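Two complexes, one shared chain (chain A), two partners (chain B, chain C).
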Partner chain A sequence: MAWQHISMETKRPQLSPDEMQQLRWLLGGALTLLSVVTVFYLDVEAWTLMALTMLATIAVLVRPTWPARVPKLAHTLAFPLIAAFFLGDLWIKGEMLPAMVRLDILLLLYRSISYRQRRDDMQIIVLGLFLIVVAGVLTVSLAFAVQVMVFAGCALAFLLAITIAEAESNRRVRPNAPNLGEPPRWAVQLDWGRLGTRLQAVSDWRVLVLGGVLFAGVVAVAALLFLAIPRFQLENSLFLERFISKKSRTGFSDSIKFGDVTEIQQDFGVALSVDVPDAALAPASPYWRMLVMDEYRDGGFKLSAALIHAAVAGERTAAALLGTERAGAGAPAYWTFYLESGVSRYLPLPGRFGELRFREAQHFRPSTELAVVALVAEPATMTAYRVEGMTLADALPDPAFAARWRKRDPSTGADPLLQRRINLGPEDREILGRLAAELGDGGAAEFGRMASAWLMKQHGYSLSPQIPRGAGDPLVRWLASREAGHCELFAGSFVLLARTAGYAARVVVGFRGGTWNGYSNNFTVRNSDAHAWAEIWDEKRGAWLRVDPLAADAGATAKEIGADGAALARRTDRSWTARFDSLRVFWYRRIVNFDARSQEETLAAVKTATQNTGRRAREMLEHAASALRAWLAGPWDARRWAGVLAVIAGGTGVIWLWRNFRYVIFDFRLGRRGRREDPVRREAGRLLAQLREGREGDGRGAAGPEETETRAELQRLRFGARETWREPVAVLRRARGVARTLRRRGR
Partner chain B sequence: MEWQGPGAAGGPRRKFQWSLLLWSLVWPRGGERMVPTMPGIVLIGLSFGLGTAAYNSSSNILFITLSLLLACLILSGVLSWLNLRGVAWRLEVAPPWRAGHVANVGLELRNGKSFLPTYGLWFELVARAVAAGGPARVESTITGKGIDVRAALKKAAEAEARGSVALGGRLDPRDAARLEWSFTPARRGRLRVELAGVGSLFPFGFLKKFVGSELRAEAVVWPAPVEYRRLAAGGARRAGGGERMARVGSGGDLRALRRYATGDSHRLIHWKASARTRQLLVRQFAAESSEGLALWVRTGAEEWPGREQFERLVSFAATLAEDLFRAGRLQTVALDEAAPVAVRHVRDLEGWLDRLAVVEVRKDSVVGGAPAAGGVRAPMMGRKNLLTFAPDGAHGVAAYLDGNKAAAT
Partner chain C sequence: MSDFVEAGKISMARQAVERLRANMRRTIKGKDDVIEQVLVCLVAGGHLLLEDLPGVGKTTLAYALARSTDCTFSRVQFTSDLLPSDVTGVAIYDERERKFVFKPGPVFANVVLADEINRATPKTQSALLEVMDRARVTVDGVAHAVGAPFMVFATQNPVDYEGTFPLPESQMDRFLMRLQMGYPQPADELEILRTARAGYDAIEVNAVVTRAEVSALQALVAEVFVEDSVLDYILRIVTATRTEAEFKAGASVRGGLALRTAAQARALVLGRDFVLPEDVGALVTATLAHRLALARQTSDALEERRAVGGVLKRILSSVALPV
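Moving on to the complex of A and B:
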């Protein structure tokens, strides 16, 4: 047979069936571990199960003979017990999805501690995929992207190992189900170090590189499919969220006790990412309003029932909400917000807007008067919404309150909707009256400045304030002291002082500031940016004025919008954290928030880019052609002729050198590298293979004398001593001709 | 035998056309088929479920998972194509085969790819008897009304042996491998071994892919040997007037000289002749036996009405011929009216067994009557030491030496 067997010395070894089983065991364990770590970011109470599964999986990976010690009774009772656990869990907790997640982890645990057959391996993949997809859908976290990629890679390798192992066992005897109580041979012989060495020995780097390229291709094709799959808005979302209830991890709820906001500040996780249409519109020190609280009682502020009744609209389900502002001329400017899950059900908004649009229909309660929007339930996933016609100002016009204020009875402050009630005892009122009198009465804006200055003068800033002991209201005690305090104390004290002075005032909570991500060009607001400030009613302007006693730069509140490039530059973040955050924003922008409109925009962008590229290429060609025409039409003097002839001669010389001396050149360059890389030998080997294939394809019987002689000369070049070579370049040229002839005949 | 498969060189190359490629996705080429396995069905079900959930919820997480699953399916197709690319195969049949004995079919594989190995192929082989009268008459639903389809199919299934061999490990690039399929031919005759298809679950086991093959080889299956008993009366008789044997053996008479070959005993070297001719020559001796037997098989239908008995006759004739040749007593063989053939070499005996392998009952036989009763006619007429056959009871067959019963099954 002309085909040459590879000699045993050069042949790569193959994994034995036992080693294939060991590889399967390893990959199955890795997939189990990879799946159960979803519990880390999936907000489900399954920590104990997760820890147990991880420990068990690691233990049986290290000691694969241990599953043989599991008694037979345990295998018999396993599935009835798991089913009973699931039903009990569902009955006690009443939540379908967390119970299913725990069931999934239990099944993974059982599969990881028992010897598996093909269908059990498949179960691991399906169970793991379920966990990851559920976690991804519920959290839309960037971790999902990483995890699903790693999982896909591992699962494909696992399936490949299963297929090869099954093919291997087909050749021999198909393995029976493992006997209980007796570890299989591969488990007894398992030595991870040895398996690693063997894997290294059987691997070919070219195959591994091709595997990597193909996996990159899978990711690219998946991305293309993702872009190309047609989208329809069926308006029937929230299918998984129905099965799970979630509570805010932060303190942004209807009522706030002093210290709640400060507690949020300890968390440096990202709370909100905001895409601003134009960097020039980005406020230097933005305030992201979330919740307005008007009622002070028992040492804390909250949104009063009366105000909820009067100012907050009923629940509605829609994908869009019209605001009070009207869009200006020109192209609409969109602000896109990505609010992380677990922050709050109140949506951060810097001011009034024209239209707020969700990616999908949501249940929410809006309040035009308070300029806040609250989702009915705590969102289980990141919430994306796009706002058009955003207005940024330190004053929030409120015609409804203005009308109410004009109709007020000046003799009484009892109307709760006027937001100037003080639920305090006479002693505290007296203290407040004394302090408010010091601040004068120059109008709301002036009072705000004076009170802020006074508070900053009296108190320092501290995240761990000391409230003096004694009788009366704690906030008043702090106000009267010189103790340092946090934002809530400052804002609350200001509201009490303003109300004592006869102004309507309220506490607002949300975020202040944030950093400008220099990579993804968006605002990144962290939980540590949580803040509380106050708003005071300015009768003259008919608007609520923002007053932040803790504002570092008093001028910043007055001049927020645009043009403050220096302030923005100071806020620009180019750290490694910003790089990671930019990835998250990319994930939100391009993947999570991708919809039919984005699809159309992408297609339009691709079309435009293609057209532009084609146009530029045409222009370049036309330019080159006109330049050539101009050059040809120019005077052909001796110098030009000499230049042209020199170029032709140079090109011909290079071609001649390449055709005749390339082996010599390579030989010189590679001479020190030894015989294996000799280009002449390599070329001779390649041509020998071509002749061999050509001979097989020819089918005309024996080789002719020229072919036989050429083959002998090639063998001399391939294997013979260098001294015996005869004109290698000519031999190789002749061999190429013979190979070409054989190929032609074969066709 | 020619190489076949995607890597076989020299085959007719089709010009690449996109329309052909697309059409082949809709209507696969002959013999090619893809069947989803259980994991494949699960994957398809998962994809449908995810797609439904994705559209229902507008969740891009589900869309991206769906895209990833579909991309994995495409990768599976690409890897499967890469796995088969450059692979060629051919059959190697090495007769003689004998009915009732294990026969081996060799399948040579080679991987012509430059650096990619090939994994997990299996080859489905079928061996079926070649009908003596050519392919059966074409029947339509009208003409085939009276045919018992089940019985016909059962008969066809019984007449063929199916099996598969798998490439268990890895076939390295530029490497070759040989697989063997063993089966037991049920009956004598001409047998066609076909490579029915090449299957693969590679890479992920989602789809079972079959590639059709037109690779086939024919071989002759000799009759199965039978047990028989020799009868002293016929066997002990020394026949006179038989032909003398003239073939190489281990007797005492020098028959010829020949060149020395490796393995020849040094004692056989003819030193004098070697010295004269300046090359080593060894002596060849004539066979010990001096008288040979002629074996004549007649296949007339009136003599062998039963199929089973006829098969026994053929097996008996083959066995007897082999035994006699081994004993150095077989001189000529003849079938019906055909001219007798001298059996001097092994190839002559093999030729006789080949003829017996395909012999059928003759309906138009002119040879009639049992030899014991009626005697024989041309071309073996008048020969001495002639072995003929006749039914022995309802099932048995007896061999007669010049009309005397010499052996029986």
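Moving on to the complex of A and C:
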């Protein structure tokens, strides 16, 4: 028992200077890792550097003596080499920001593998901050918000450790060049397990809790400020994204080689989140059109230059784009799209629209004819746009094409814009002609049904198709075989067949389907939903009909508007992934795509909620008061008197119990904590300490007689025999008064 | 400890102590702290080792204490040829009674001043062992009780090593406290210079406390209450001396007991019936320093005393006061 007391009552241990250095080393390494990780979000080519830096940082964390083995020459040459690297990088790549990011990582690498002095530690913070800010501005992602908070906390702890360690080491002589010769003592002695135990021993949970609360408070205040300040576009004011010429890692580009879409399907990441005005209006399995491709050449489809020339308008910079649909009556319904970066510069759109509005002005090229909108540059950040008057239909009217179709020369079909060209040799044409002849000639819709059914009968679905060897066009070889294939092969084959049969047809790529996020109530479309399908020109309707040979009911273009709720319910995703995705959507809805209007809405909602709460509280109070009045006005019979007296007696009893037995309660609490200490002694000890501090703080004059007497009585309560106590409660009360007086005088 | 000291007893004790203190202050100028410690030692019923240079008032202090009570006082000047029997007494053959008769030595008094104790041989020094421990002398198998109360007041000069036999540790452990006198303040010394008397025998001190009162005070010490956390505090201090790297060995159990008893006595001297942690802190050096030896060699005894004191101060500041 006595030994337990010893361990409990000895002073809290403190970290030795060496241990402070070890802590500093750890925090510096953690900060380096944290900031290097942010580069993952940027599309900068620095993979080797990042991997090297992370490995090196982890290595020197595990083996802190290793920096001592770096030869002296390396330190001498480090900065000239880094400068040369930076200049060479700029010279060769010619991109400012990626070069700076690589320079930053290189500096971090050097700092992480050498022993650091204070300014070097500061450098780590500044370098890390640069990476974090760049990544944050460019990506505006939820992960960034988390990261910047972790970084801030880590950096604060790091600064504290630096300050304490420096204050400690200032008293001793510091070596000027810590990186030469022997590793420092702290590095030799470093044992993370022991340091962990020591940290546990020295850290006071109260301080930790206080620090955590303060940090949370700062974050909360920052969040409130963010909600309240006027919006402005950070990214545009910094021009940072202009520095990065972005090449998408995955995603659609202007031309599709076979297998490209399938490759995108391997990626399960979110590509698009869509807020739909009314879940009932949401299609069960929408087709998100992105790009139309007409020209078949060398085994792949692409958007032909001629079609671009004819159907795609010039570059334009605007925040809004008018579509072909006119808004109907009633309140406008908005579809809000959040397109992740790296997906495509073509905006997914499920149909024709009235108006498309960006958060800020964008450079883009629209094509009303093709119902496609393309941004000029690959967006480096998430792109948000809102569409009003969205019309979903499986037929896309195209008057411009109809006019051209009427003017065609039917004998040659030479007009390059007719989207009928096949570009194949005579053998392939012959095969195609034979196959097309089997499908009959019952109009475009009928042909679509027939061809889809035939394709599905002939070929199975497979993500890893086998294209038979041989001469001629690979797509025709596949078509003529019975091999299984993926969506691109189906769509491409269909287009070739339709064109052979004399119809205009084209390949459309984009996404099909998506899941309904049950938490945030929006569509989530993943890269794995990438799809390719076809459109065939129906002369009678003057519209392009969607034909998806792989759709379940292939021929019938599915009725999707006002889709059955059951289909949607089937697609509702309530998995953990959906939970995380809903966070992302929340972030986009509330933080990123937060314009002045929604800000006002939020503030108004907060105001209304506050007012409502206040009103309700007042109502409750008034209600209680009137009930009390009514009760008082009621007849006072014996039962009521008895009740009132019982309540008074009960209250008095509670007060009496509190005044006389609260130490018993303390005792119970203390007993649970395993300290068999008398509560009166404890309280007296606390007050004695207060008196002592008050006296020290006061510093003027001697203690008055009352104070001296109180002190003596307290000492008796604290250290005297229990039998000699005289009215401990009264003594404690008096002592509290004296302590208060002392404190007041001290101030 | 259910019984506690009644208020009346405490105030009586306090009055007695105050009379003693006032009386001694008339003779010993400017040494109030030393007087207090001496009183503590007396009340605790312990023996005192006074260590200082010659001529700073060691003997005067012992004499003043003895004379302030109605205790018998004897003085033994220790020399290298002093024999144990010169201290304890000897049995001599009585011609008339035809048997050995015990002739009591100088220890048969209430306050024994053992002057320059380190000048005697270890054999003679150890003759004091039994009498200090048990307050009796055994000669020829017969135990003779010495006076009650009984207090040995030893002095030694730590600087002068010529022809001395340093006290063995077992002997040191039997002293409750070791004190240094130190030079008086200039103002106090001036007053000493003004007084006309020459030797300590010329001091006129009246007995203000009876032998019975001293015995009662000593009995009262055991009743002074020591709270558990204060006992813990003592234990932690004693334990800390044992784990201290600078000490050859830590304080003994007797050392811890001495610290407790002395703290009780100090509480009583200051008129309290319970011990405060301050009582413990004030007595750590006096009760423990002479029981501890440094692990390293020091140039001389004074240096060692200072070093031990410094380490004890450090230990005291590192052990948390009970709150």
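By definition in this document, the second predicted complex is superposed on the first by the 522 of 747 C-alpha atoms of A that agree within 3 Å, B and C clash if a C-alpha of one lies under 4 Å from a C-alpha of the other, contacts with A are read in each partner's own complex, and residues count from 1 in each chain.
As a working rule, a residue touches a chain if its C-beta (ideal position, glycine included) is under 8 Å from a C-beta of that chain, and two chains touch if they have at least 3 such contacts.
What you see is a predicted model, and the numbers here were worked out from it, not measured in a lab.
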Partner chain in contact with A:Leu628 - chain B first, chain C second, else both or neither: neither
Of chain C and chain B, partner touching more chain A residues: B
Touching partner for A:Val218 - first (chain B), second (chain C), both, neither: first
First, second, both or neither for A:Ala83, with chain B first and chain C second: neither
Touched partner set for A:Val146, first chain B, second chain C, both or neither: neither
Which superposed partner A:Val207 touches (first chain B, second chain C, both, neither): first
Footprint overlap on chain A, comparing chain B with chain C: 5-6, 11, 689
In the complex with chain B, residue positions of chain A that touch it: 1, 3-6, 11-12, 14, 119, 122, 126, 129, 133, 136-137, 140, 144-145, 148, 152, 156, 159-160, 162-164, 166-172, 204, 206-207, 210, 214, 217-219, 221-223, 225-226, 229, 231-234, 236-240, 359-360, 591-595, 689, 693-694, 696-699, 746-747
Chain A residues within the chain C interface of the complex: 2, 5-6, 9-11, 677, 681, 685-686, 688-689, 715-716, 718-721, 723-724
Residues on chain C engaged by chain A in the complex (per definition of touch): 1-2, 4, 225, 227, 229-230, 232, 235-236, 239, 272-277, 318-320, 322-323
Residues of chain B that touch chain A when the two form their complex: 2-3, 9-11, 13, 38-39, 42, 46, 50, 53, 55-68, 70-72, 74-75, 78-79, 108, 110, 112, 115-117, 119-122, 166-170, 172, 174-176, 201-205
